[in-house]
Structures are given as C-alpha cells and as structure tokens.
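Presented sequentially are two complexes of chain A, the first with chain B as partner and the second with chain C.
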Partner chain A sequence: MERHDVVVIGGGLTGMAAARRAHQLGLRVLVAAATPGSLPYTSGAMDLLGVYPTETRHYRCSPWEALSELVECDPEHPYGKVGLGGVRSAWDEFAAHLAAGPLGYHCQPADNVLLVTSAGTLKPTHLVPHSMKHNVRAWESRESTLVLGFERLMDFSPEHVVQTLRERWPGLRAARIDATALLEDSRRICVTELAAAFERDAFRQRFADTVRPMLGGARFLGLPAVLGFEGVRPVCDELEQLLGLPVFEIPMLSPSLPGMRLTEVLKADLLRQGVTLLQGRPVRLEREADRVRAVVWQGSASERRFETDDVILATGRFFGRGLVAHQGGVREPLLDLELDLPPSRDAWHMQSFLGAPGHPINRVGLTTDAELRPLDRRGAPVCTNLRAAGAILGGHDWVREKSGAGISVVTGYAAAERVAAAREGA
Partner chain B sequence: MKIETEVLVIGGGLTGAGVLRDLTLRGVQALLLERRDMDSGASGANHGLLHSGGRYVVHDPESAAECIGENAILKRVASGCIEQTGGLFVGLPGDDESYAADFMAAAARVGLDARVVPVDQALEQEPRLDRAITTAIEVPDASINPFMATMANLADAAQRGARVMLNTQVTAMRRDAHRITTVQCIDSRTGREIEIEAQQIVSAAGPWVDRIAAMAGIEIGIAYSKGSLLVTNSRLTDRVINRLRPPGDGDIIVPGETVTITGTTSIRVRNLDHLTTSAAEVDLLVERASQMLPALRQARFIRAYAGVRPLVASGAGSDRGLSRSFTVFDHEGDGLVNLATVTGGKLTTYRLMAERVVDLICRRLDNHTPCSTTQVPLPGSGEGITLDARQRLARLSEPPPAGEVLCECEMVGREQVDRIIHSLLQAGQRPEPNALRLRCRLGMGSCQGGFCGFRTVGHLCRRGDLSGPEGNEVLIRFLEKRWGGIRPVLWGEQLRQEQLLEALYCGTLNIDGGL
Partner chain C sequence: MNDTRQRMLEALLQQGGDGCVSCGACVAGCPVADWNEERLDPRRIVRLIQYGVGDRVAELDWIWHCTTCGRCGYTCPSGIDVSTLVQAARALVPHDRSPGQIQQTADLHCTTGNNMQLTSEQWLETVEWMRDELADDVPDLEVPVDRCGAEHFLTINSKLPMYYPEDLQDIFRLFHAAGVSWTLSSSWWEGTNYAMFTGDEATWEHTLRQQVDRVHQLGCRTMAYTECGHGYYATLTGLQRFGIPHRFRVVHVVSLYAQWIREGRLRLDPSRNPGRFTLHDPCNAVRKAVMAGIPSIAEDARLVLDHVCEEWVEMTPNRDANYCCSGGGGALIAGFKRARTHHGRTKVEQIDRTGAAQVCSPCVNCLDALNNLAQDYQRPWKPVHLWTLLARAIVS
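Right after this comes the complex of A and B.
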C-alpha cells in the first residue's frame, strides 16, 4: 500500500497542471489517468480567454480586460470561482514554465494574438509555441509569405489557407512540393512520417534545396505543423538558417503534433520531478462516509490501491470520458452523480452546429463550492476531500470562449492550492 | 431562356429518374427538372429496402403483389445497385401467434416465396437476434442503394439523349382550356428564368405533387407521413430483419453497405421542408428495434433522418392502414390532357410506377413502343461502388493508398472524387461536398463529414473549383447540413465524436469566430 497527500485523477492538461502545482507546494502527489486526455488533439497554442461574451462572439484583444468583466458578471464560471488574482498568478507561472521549456512558448503578456490556421481562419490565443511565433508576426505584418504544402498530405491544403486570406493579405502565396522524392522510404505521406523526416539532417538539407528556388522574395515561410516531434525548436531554427527567412507552423485539425508535443513535454516535466504517472487503465474511488479513502488503479494484471488524504478530479468532459452521456441524461461515473440538464435531449443542442451562443450541454458540468468540491443536489459536498478542476466543471463553454487551456491550468492550480491550504488549516 | 421538349419530367428522385429512362427507352425526347439535387426527398431518406412484399402481405395484398414482382425484376435488371441479403420476419414472445399463420397463408395466396425456418437456424444465421425469438420466416428482401439506382437511371437516360437540369425549380405554369402551355422555372443558383414548352408533362415530385398540381389549378389530396430512421456506425446483421406482426414503428432493420438502418415512424406532418427527428422518436425506434436486435441498445448511432411518404387519399384512421400502393392521376377529369401525376408507392416499385405513367404518356403521344425496363439491364453507375458488403469491407481494411484518402470512414479516394467532380462540372453542377456525398458516400460514416468535409474543401481549393474566401462558407454549409441528422443521436460515443469536432472547428480553427 502506498500513501499520498493527493491523488490527481486525469492525465490531461488539467491533471498535469494540478500535479505540478501540488508538487511545488510540497505535496506527495500521484497522477492516475484512464485516458491520455484531450491535449494531444488541441492546436498546441494556449488560450486564456478570446471571446466574451459568447452570445455576441466578441473577440477580445485583452484577455485580462475580458476576464475582469467575466469574473464580475459570472461568479459561477470556473474563472469566477478562482478569482482574477488566482487566474493571473497561475497563468503567469505556467506561461513562464512553458517559455523556459523545450517548446519555447511565447506571449505578449497583455494581449491575445491571432494565429493563422489551416482553414485560413484566425484563432485568438494567448501563448504560442516557438514554432508558431512567426505565424503571428506574419499575419500582423501581412508581408509577402509563402504557404507551402505537401502533395498527398490531404489534411493540409495551402490553397485553402491562401484563398481564404488573400483578399486581406495580398502577399500570401501557396505552393506545394512532392516530398516522396526527398524521403528515403516514400510509402506514404502523413504527419508523423514528415515529422520524423524533419528531425533528420539529410532531409532538412534536401528540403531546403528544393524550397529555396520557390521562395521568390517571400519574407516568411509557413508550413503545416509537421516540423518534428519534441525536437521542433531546433528544426525550425535550422530551417531558418538554411533558407534565410523566418519559418512557422500552421496548426492542423488532426492529427495535431503541437498538441502531442506539449503533452509529452509536460509529462516529462512531472516524471523529472519524481511524480508518478499511471495511464491507460480505469480508475475507481473507494469511499468511506463523506470521504474518499483511496483511489484504485485497475491495472491489467492486478489492482493498485493508493490511500490518500485528498483527491483532485480532472477527468475532463465527454471526450475524456469524465462525463458520460446516455439517452436519458449525463452522469459523472466515478462519483456516480447524475447532472442537472435541460429536461429533453432535444434541448441539449442548438439547431445550428457552429452558431452563437453555443450548445446548452456545453455548460453542463459539476457544480462546486468555493473550495471546488462537487456538490450534490442538496448543495452539500459529495466528498469533503475531493475537488474538481478543468473542463468537467460546469458554467463555461470553452470552445466558444476560447478558454480551454486557461480553465485547465487555472483551476488545476487552484484545486492544488486549496488542498494545500486546507491541510495547513487542519 | 426557352426550351422545348417532347416530355417534361418534374422531380429528380428515383421515380422521376425511372420515368426519364423509360421514356428514352421508348424513343421519347425528355427533360427532367429537379429543384435541388437528385434524391433530395424521400428517395434519399428511406431504409434502402427492396421489399419482398412480406411487410404488406397480410393487410395490403395489392402492394405486396407489386413488391413481389418488382423485387424479382430489379434483382435481374438492376443487380449492380442491390445486395441480395435475404430477409427474416421474426416473432417475439408476446406477439400475436396467429399472425405467423395469417402471414404464411397470405404469402401462398399472392405467391410470396416465404419459408418458415427453424429458430436455431435463424439464430445461427443472425447471431445478434434476440435469443427468445419464437418464429422466423425467410423472405427474399434485399438492400438497394437508392443513390446508385437514381444515378444509374439518370446516366442511362442521358446516354440516350435525355437532359437533366438539377437546381431548377418550377415556379409557375400557364395553361389554356386543356393544356399546360408553358412551365416557368428558375435556376436556383444563378436566378436565371427558364420557360419550358412540353407536349406532355409528368409530375413525379413525390410529396410535392400537390404543389405542382396547384400551379396547374388542380387539387390533389395528399397526406404527408413522416418516417424517421436511424443509422448505426456498423453493420449488425447480414439480412433484413422485420418484426412478424402488423406494420408498426421501428420494426424493420436493414443492413446497408457498412451500416445498419433502423426505422421507421409514421407521423403526420404539414411542413415538408424542415423535417426533424425528435429525441422521443429516436428513443422509440431504439426501444422497438432492440426488441429484435438487443445489440442496438448499445449501438453507436451516427445519424437520424426523416423522409415523407406521400399518401394518396386521407381522412381519419391510422396512416399505417393506408395502402402503400401508388397512384397515377391522368387529370383528364380536371380538363387537362397533357399532365400526369405519379405518386405514392415505394422505392421498390419505382420502375412499375414509371412504366404505368409512361404508358399513359405514350398513348397520348401516339407512341406504341412497349415498355422494356423489365428486360433492359440498368447499367451500373460506373463509380465503382461495389454493393457486395464483403468486398467493400475488405476494401475498408486495406491500408490507404499513398495517403490520398479524402473520406476514411467510407474509403473514398482522391481519384474517385476527381472523376465525380469532372462529371458534375460537365453537367454544369457545382462540386460541393454534399453533391459528392450523394454520389460516393463521402461523409456518410462515423465522422459525418467532420474530417472528410475539411479535406474535400482543401482539395476543391487546390483544384481551383472554389475561389476566394468561399471555401469555409462551403465547409460550414456542409457541416450544418450534416448537423441536422447528427443532433438527434448525440449521446455516448457519438457525442464524444461531436465534442471532438466542435473542439476542432471552434477551438483549433475558430471557424465560428468570423475574424
């Protein structure tokens, strides 16, 4: 039997942020996760708050200005629960950590930035990895830019990007190369094959030789997000040297290497700090009266049982399986909580997929007290030593607000801090 | 613009396409108008079931006899669109046991090839059936791809000189005492007005025939019965499964290529243009159909859709009691000698409906060429969609060829899409993702267009078929159109899929943001 101060359930961005903060605060922490989380599917850029209010789809240049309005008007929002000071300190610390890490995250602290995507749309975000720094700058400058795609890579069409933006950015051009000629093994062209290739010297040389004559006076070169795995930063730097111009990545729908890189880097950070990470098997709670006594990790061969003082639930929403929807409702499976919902499934979603203000079901989630402890229908904490963090919380719509990473990090930190504060008080 | 034609066919569903082909086979020059794309009405929103006749055998022997005949004919002449699955009628404990005897007696009377099979054998053939079934009767049901059938009829007619105008809506008709002199239409994309003069006009507009007739000053009494269906992400049976009892909700399960289609309901509606399926209807279908096939309780449904059956005659009583046979109106009693309307009926009887109405038209044209659609094979659509499920499934398990796959759920490659785009452009159509979907199943799988829609728009931009910033408008239009059918089945795994797509489109792309 192993004993921990706090067990974090969930290995996504929220769980890793909570574990990081708990470790900083001197707690003995374990992460147990059933799924790899949703972070690998994200763009890799870190959003704090890009749109508020969502009803009017109001893009906000300053996330902080938007946040102070939100915290004022919407105390049940996860940001409202944490408060402006808590949001700021958590986000600043995490941003500094990512900036110092191998992916070299970058931000203009006061402002959101706009990132050019593979649909030629502009995505508001706050922190971008080094490989996308010039993506933001290229759009800001609207200087002559070449967007380069690969033949047979169907998930990225440079013409789609360029046609969408050209009226507003006349100096944007599209071109393609056939990478099969540059690859030793040219069976298929896909994101992971290209990423592996870009981490090889010889491929980068051949790539640069092929692309150089196509640049035609461009001041920036944009590429799909395939420039290597965790070694993307040196790949970018070297391509810039070889080609003599700034190179940037454009986030793709799927698969998303920038999301996978961030996942791997954060995981490595935790492991380096000695935090144990268990992944890929179901987890259950062992409860005793109004407390969680232990978290049980259902390994394939045998179960491992971890007694703990506190638990942070960071299992995500439907995609991460933190919430499960059935024909008649939505359940939180670990605590076996049925959530309050619109009365009919007809009212879960709007008539329009992409319309404002967003689907009612997106705002459904756990209701908590100020301590972030989930409440039952009578308004009492379900367990006195269990806190929830991240997307599983109710009262937000991160996809419409462009606040996904922020909610994860900020509430993950806040949950860990509340655990530490409660221990000190006790 | 003015066009003259011998015969004008209104309606681009399977019946209209069948009428057009039958006319050309009899040497008649013809033009077909469809206000949207082919199969936009009931022909694109049904089970894809080639009825054996078993469903109607007890209560509607006229429809049953039509089905029996057409089932055999189409298996012979349109085999490329049909998978000969066979079908079972299964009884469950508590079902009226005398119905099985009635069924067999009625089958003998109308000549339906029905055989009682031992329950053990049925369970061996279809292991997902409820183990408690009490009776099983084998019938020659089959599954038919209506999109392929319509495409094949239109293509064959065009080959023989017929003209097809999609996205062309009839707006008005001018008539004198006995004839419709001019049909006025509008090209819905360009707004261009077109006047058509035809010696004869066939209205094959399905549930919209009353609107067409009204333009000629004629009233037709049509009742609209909405039927909803559900699609699973996998094929759960090899055969069509029917409930052995009088027709009711959720009692037919049809394997269609890689999926299973479950239906239907029967609900009177007034508005034909915004059909939706409610959560209550979905729940009813799941509950009823899973009585026969318990696996449906845990199945992942990827889509719900609804079509409207035009039922001729009306009044009180259950719509299930109305005949599913078809009607040809000659309108001579209304004083018109150059309009005929064909409506009602079923997908299975489209060929016979076409034959009957074309017989009438040819009499009026003094054309004595007999119908040959019972004999002349229907050439395949040429798009290489095999309807042999085993072949198709084998194709799905192959690795994608060199990454040039646009739709991974249905394994649609770039070359196939390019061929379809070419033929659409030749016909003056815009190659939008939805038009591709109807012609090659792109976007019909689990992701419901979320991933392949994006790839397809990227590909269209690359080809230069979409210009300027319209790519994302086309993409959003496609996603919103698919959404209508996704929304009613969002729970479990399909809700997870939807949440991923929403996160990608709103989170990664901010396509909802309009920045």
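Right after this comes the complex of A and C.
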C-alpha cells in the first residue's frame, strides 16, 4: 500500500497541470491515467479565450478583456469560479514554464494571435510553440510564403491551405517534394517517420539542398508539423540557417506531433520532479462515507491500491472517457456523479448543426461549488476530498470559445491550490 | 460465426474495441506496423475482428512479428491494447504450428527445467568453473548453491551458462560485494518463460509451479529475478493468473541493486565506466509491468546508472513510452529475421540520437536483439548489462 497527499486521475493537460501545481505546493502527488487523454491530438497551440460571447462568434484580440467580461457575466463558467486573478496567475506561471522549456513557447501576453492550420483556417490562440512563431508572423505580414508538402503524405495538402487562404494572401504558394528520394531506405511516408528523418543531420542537408531552388524569393517557408520530436526547436533553427529564411510549422490532424511533443515534455517535467505517473489502465475509487479513501489502479494482472487524502478528477470529457455517452444519457463512470443534463433528450441539440450558440449538450458537465467539489442533486458536495478540473466541468463550451487549454491549466492549478489550502486550514 | 471468430470478437470487446476511431496513435509507436505487402498495423487487426473475420488474424505471420510490446495499448485514447488481441490470436494457433523456436524452447524448459537442456551437472560445473576463475580476484568469494534458508533465490537466464559464462562472474561478484544472503539452485533456476508467448498456458503454469516449489523447498524469502523483462512479467502475472500460492516475494534484481545502493552496501566508482551511456527500458519490466499492476524497474535502473557510470543520457521517448528492442514477444526466436531487422530501425535511430557509445539493457533478450541491430545496421554502440557496469564499478 502506498500513501499520497493527492491523487490526480487523468494524465492530460489538466491532470499534468494539477500535478505540477500540487508538487509546487509541496504535496506528494500521484497521477493515474487510463489513457493519454486528448493532449496528443491537439495542435500544440495553447488557447486561453479566443471567442466571446460565442453566440456572436466574436474573435477577441485581447483574451484578458474577454475574460473580464466572461467572469462578470458568467460566474458558473469554470473561469468564473476561479476568478480573474486566479486565471492570470496560473496562466502566467504555466506560460513562463513552457517558454523556458525545450519547445520554447512564444507569447504576446496581451494579445491573441491567429495561427494558420492545415485546413487553411485561422485559429485564434494565445501561446504557440517556437516552431509556429513564424506561422503567426507570416500571416500577419502576408508576405510571399511557400507552403511545402510531401508527396504521399496523406495528412497534409499544401494546395488546400493555399486555395483556402489565397484571396486574402496573394503571395501564398504551394509546392511538394518527394521525400522518398531523400530518405536512405524506402520508408512509408508518415508524420513520425518524417519527424525522425528531420532529426538527422544528413536528411536536413539533403532537404535544404532540394528546397533551396524552389524558394523563388519567398520570405517564409511553411511546412507540415513534422520537423522532429522533442528536438524540433534546433531542427527549425538549423533549417532557417541552411535556407536563409524563417521556417514554420503548420498544425495538422492527429496523430499530431506538436500535441505529442507537449505531452512528452510535460510528462518529463513531472518525472524529473519525482511525481509518479501511471498510464494505460483504468482506476476505480474506494469511498468511505463522504470521502474517497483510496484510488485503485486496475492492472491487468493485479490491482494496486493508493490511499490518499485528496483526489482531483481530471478525466476529461467524451474523448478522455471522463464522460460516457449512450443512447439514453450521459454518465460520469467513476462515481456516477450528477450531471446538469437538459431535461429531455430532444433538448440536447439545436436544429442547426454548426449554429453559433452551440449545442446544450456541449455545456454539460459536473456542477461544482467554489471549491471545485462536484455537487449532488441537492447541491451538497459528493465527497469532501474530491475536486474536479478541466473539460469535465460543466458550464463552458471550450471548442467554440477557444478556451480548452486555458480551462485545463487554470482549473487544474485552482484544484491543486484548493487542496493545499484545505490541508492548511485543517 | 465460427469459434475462432467468436473468441477474437470477445477478446476485442473485452478491450472496449468498439471504441476504435482509427486515429493511428498506435501506429505511430508500433515497431512492426506496415511491414511488406500485408501493410498491416494495429488498426487493421482491430478492423478485421470488427468485420467478423477475426479468424484471419490467427493466420497472419504479423502476429508473430508483433513483439507484444504493448505500446499500442499504452497510447490508445480508447484503451485498446492490440498486444492482448495478438496474444489471444496466438493462443488459437496450435502450439506446434507456431513459427521458429518459441514453442520448442518452452517445451525444453518444461521437460528439462531450462531452455538449453542443461543437466544439473553441466550447470553446476559451469558455476564452479566461473567461481574458480573469479576466486583469484575475489579471495573470500562464496557462490552458494541450494542453500536452505537463504534470503534470495536467484534465477539465471540459461543463455548465460551456455553462451556467456563470464556474465556469471559479474553476477557473483555483485552479490558477493552486496554481502547479502543468496543462493543459486541446482534445478528450476531458469530465468525466462517463453510459453507465455505462444499462449501455451499449461506449460507456462507447469514451469512456474515447479519453480515456486523449488523456492519453497529452499525456504527463500525472495525470488530475485535476473535481468530479464518477460521472465519477470510472466512470473508475477502468472502467479496471479493461475492463483499459485507462494510464500515469497518476487523482486527484479535491478530493484535489489537500487536497494543495495540506497543502503550503502556497495562502494562504487563511476569512473570505472567512462564514456556516454544510455538506457533501454525493457517493455516487460517497465511499460507492461505498470499496466499489469506490478512494480516497474524504470526508476531503480536510473538510480543505479547514476552511481555506476560517468555519464548517461535518456533516450526519447523513454520509460513507459519507450520503443521495443525489436526482439520482444518471442520475436527474437520466431524466425522472420529480415522483418525483425527492419522493425528495429526506430530503435536504432533512437539510440543514435543519444550519441551514446554503450546502451545499458537490463534484459538478456533485449540485449541480444540490440546486439543484432548494432551488427545489421553497422552501428558502433554496444549493448551492456547493468550487472556488468556494476561489477566493473565495485570498489573492493
């Protein structure tokens, strides 16, 4: 039997942020995650609040201005529960950490930025990794830019990016190269093989030699996000030297290297600090009256039981399996916690699939008190030592708000701080 | 639906396999995805079963290329572990029709007590020979055999007496220096269990029960499992699976080394292992251990490396996310050599990126697979056991 101050359930962005903060506050932390969560599937860009109010689809240049309106108007939103000061301190600390780390996140603290995606859309976001810094700048400048793809890489079409943006960006051009000719042996062309190739000196040289004559006076070079694993930053810098122009990555669909890199880097940080991380098997919770007494790791051969003072539930929504949907309803599978579901199934969705206000079901999640403790039907905390954080919380629509990373980090920090404060009070 | 199809479908549903969204996360870390004209990957195994033709999975060579490293299950957002589907499919193949020497090895283990058919006399002669050679260097050396009441019952991979007897000297030197109570056994000392890989549960259980009986006869409180990933995994999960009562705990030797260092039992000089090292995490003793709910050796191996060599660097990814050596799951002795070499390219690149001259691999099976890769890819780096580094670093 092993004992911890706090067990975080969920190893996505929320879980890792909560664990980071809990460790900073001197708590003995364990992270137990059934799956890697949705972080490896993300663009790697970190959203805080890009659109508010969602009904008007209003893109906000300043996330802070939008946030102060949100906190004022919507106290039940996770940001409302944490408050502006809490949002700011958590986000600033996490942003500084990512900036100092190997991925060199870049931030214009006051402003949101627009990021060019592989769909040719412009994604409002707040923090971008070093490898996407010039993605933002290229769009801002609209200067002559070459978007380069790879033959047989099914996940990325440079022509598609250019076609979507050309009207607003006349200097944007598409081209492709045949990467098989640059690889030593015949390989499949996929994001991970290319990432491994870009981390090799010889491949970068050959790549630069092939691409140089194609630049034709371009001021920026855009590539799919395949420029290496965690070593992406030096790869980018070296390509810029070899080619003599700024190079940037364009985020793609899954498997998404920028999301995978961020996952690995955050995990490595926690491991370095001595936090235990378990991933790959489900857990169950042992309750005793109004407390969670232990978290049980359900190994395929044997169970491991972890006694703990506090638990932070960071299991995400449907993709992370924090919520499970079936025909008749939606359930929180670990404790069957109360969800603020619309009264009838008909009320889950609107008539318009992509309508601006968003579907009511998208706002469904746990209702909590200011301590972030999930509440039962009568409005009382289900367990005194159970807190929830991240996407599983109700009252937000992170996809439309462009607030996913922010809600994860901010509520993860807030949950850890509330655990620490409650221990001190006790 | 025929029986095989039904059983594969049940195995998939047990894994929550209806949740596969074909995202490809499993493919990104799979050492054996996309090999030759079959172009198979874990997703396609799931699809075949979903489409109701799961019996075809059992006919594919691919299930023997698969090293059952479990990285697919670790990384899957829906929690589907394709390596367990592969295990289920292998169990449906008559054992005598499994490729290469996996079953043959398991059968020898069952009938002779070790994979190499060594008699007790041959085994003990080798032990004596190595002890005598070492005795010049370590005058008060003792190598206990069949010592009743010893604390640790040490298992040994039978490849050592057969092919690498000098490694025994490293192990003897190390256990001697630690000053612990330990013993070798004249019978049922084998530190592997290949029957797990063909799904031959009867042999797996039989050999395990014999070994458990032997530990009980000698009255040891721990079974110190030698540097082998799958043997450790097969023993700890097998004890659970077959409900075998036992009065000892199973500890991986790497965890013992770490304990000895923490207790100050070993005086070590890291400068005896100069140059840059890196660490290969054996799947069975790290990722698969965590997922089975048994102790992982990841942190203990790192603590030991911190004390025995001048410099070591991590591979990326590492620990639970590490890539297989290409020889796991019985692949090392399943034939398909050309495919195995191809599958190892990810591992080779991972090692290359560290710039290390030696790759520490606390698993005999991984070490052999890595040796093969170094040869086939003409790489200068050399795999090395943890016991070798420790034995070299010991200050007497």
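What we mean here is this: the second predicted complex is superposed on the first by the 417 of 426 C-alpha atoms of A that agree within 3 Å, B and C clash if a C-alpha of one lies under 4 Å from a C-alpha of the other, contacts with A are read in each partner's own complex, and residues count from 1 in each chain.
Rule of thumb we're sticking to: a contact is a pair of C-beta atoms (placed from the backbone, for glycine too) under 8 Å apart; a residue touches a chain by one contact, two chains touch by 3 or more.
What you see is a predicted model; the values in this text were computed from it and never measured.
When the two structures are aligned on the shared chain, A:Gln327 is found in touch with chain B, with no touch to chain C. Of the two partner chains, chain C is the only one touched by A:Gly299; chain B is not.
By the touch criterion defined above, A:Gln241 lies against neither chain B nor chain C after alignment on the C-alpha atoms of chain A. In the superposition on chain A, contact is made by A:Gly231 with chain C only, not with chain B.
By the document's definition of touching, of the two partners only chain B reaches A:Leu354; chain C does not. By the document's definition of touching, of the two partners only chain B reaches A:Arg166; chain C does not. Once the two complexes are laid over each other on the shared chain, residue contacts for A:Gly280 go to chain C alone; chain B is not touched. Shared-chain residue A:Leu271: touches chain C; no touch with chain B.
Contacts of A:Tyr59 after superposition: chain B is touched, whereas chain C is not reached.
Once the two complexes are overlaid on chain A, the chain A residues touched by chain B in the first and by chain C in the second are 38, 41, 188, 190, 254, 319, 321.
If you check the complex, the residues on chain C that touch chain A are 23-25, 27-29, 34, 70, 73-79, 81, 84, 236-237, 240-241, 287, 290-294, 316-317, 319-321, 345-346, 349, 352-353. Those residues of chain A whose C-beta lies close enough to touch chain B in the complex are 38, 41-43, 47, 50-51, 57, 59, 114, 117-124, 152-157, 159-160, 163-167, 187-190, 251-254, 256, 317-319, 321, 324-327, 344-346, 348-349, 351-356, 359, 362, 398-400, 402, 404. Contact residues on chain B toward chain A in their complex (touch as defined above): 278-280, 282-283, 286, 399-400, 402-406, 414, 451, 454-455, 457-459, 461-462, 464, 466-469, 471-472, 475-476, 479-480, 483, 486-488, 490-492, 495-496, 499-500, 502-515. Across the interface of their complex, chain C is touched by residues 34-38, 40-41, 185, 188, 190-192, 196, 199-200, 229-231, 254-255, 260, 264, 267, 271, 277-282, 297-304, 319-321 of chain A.
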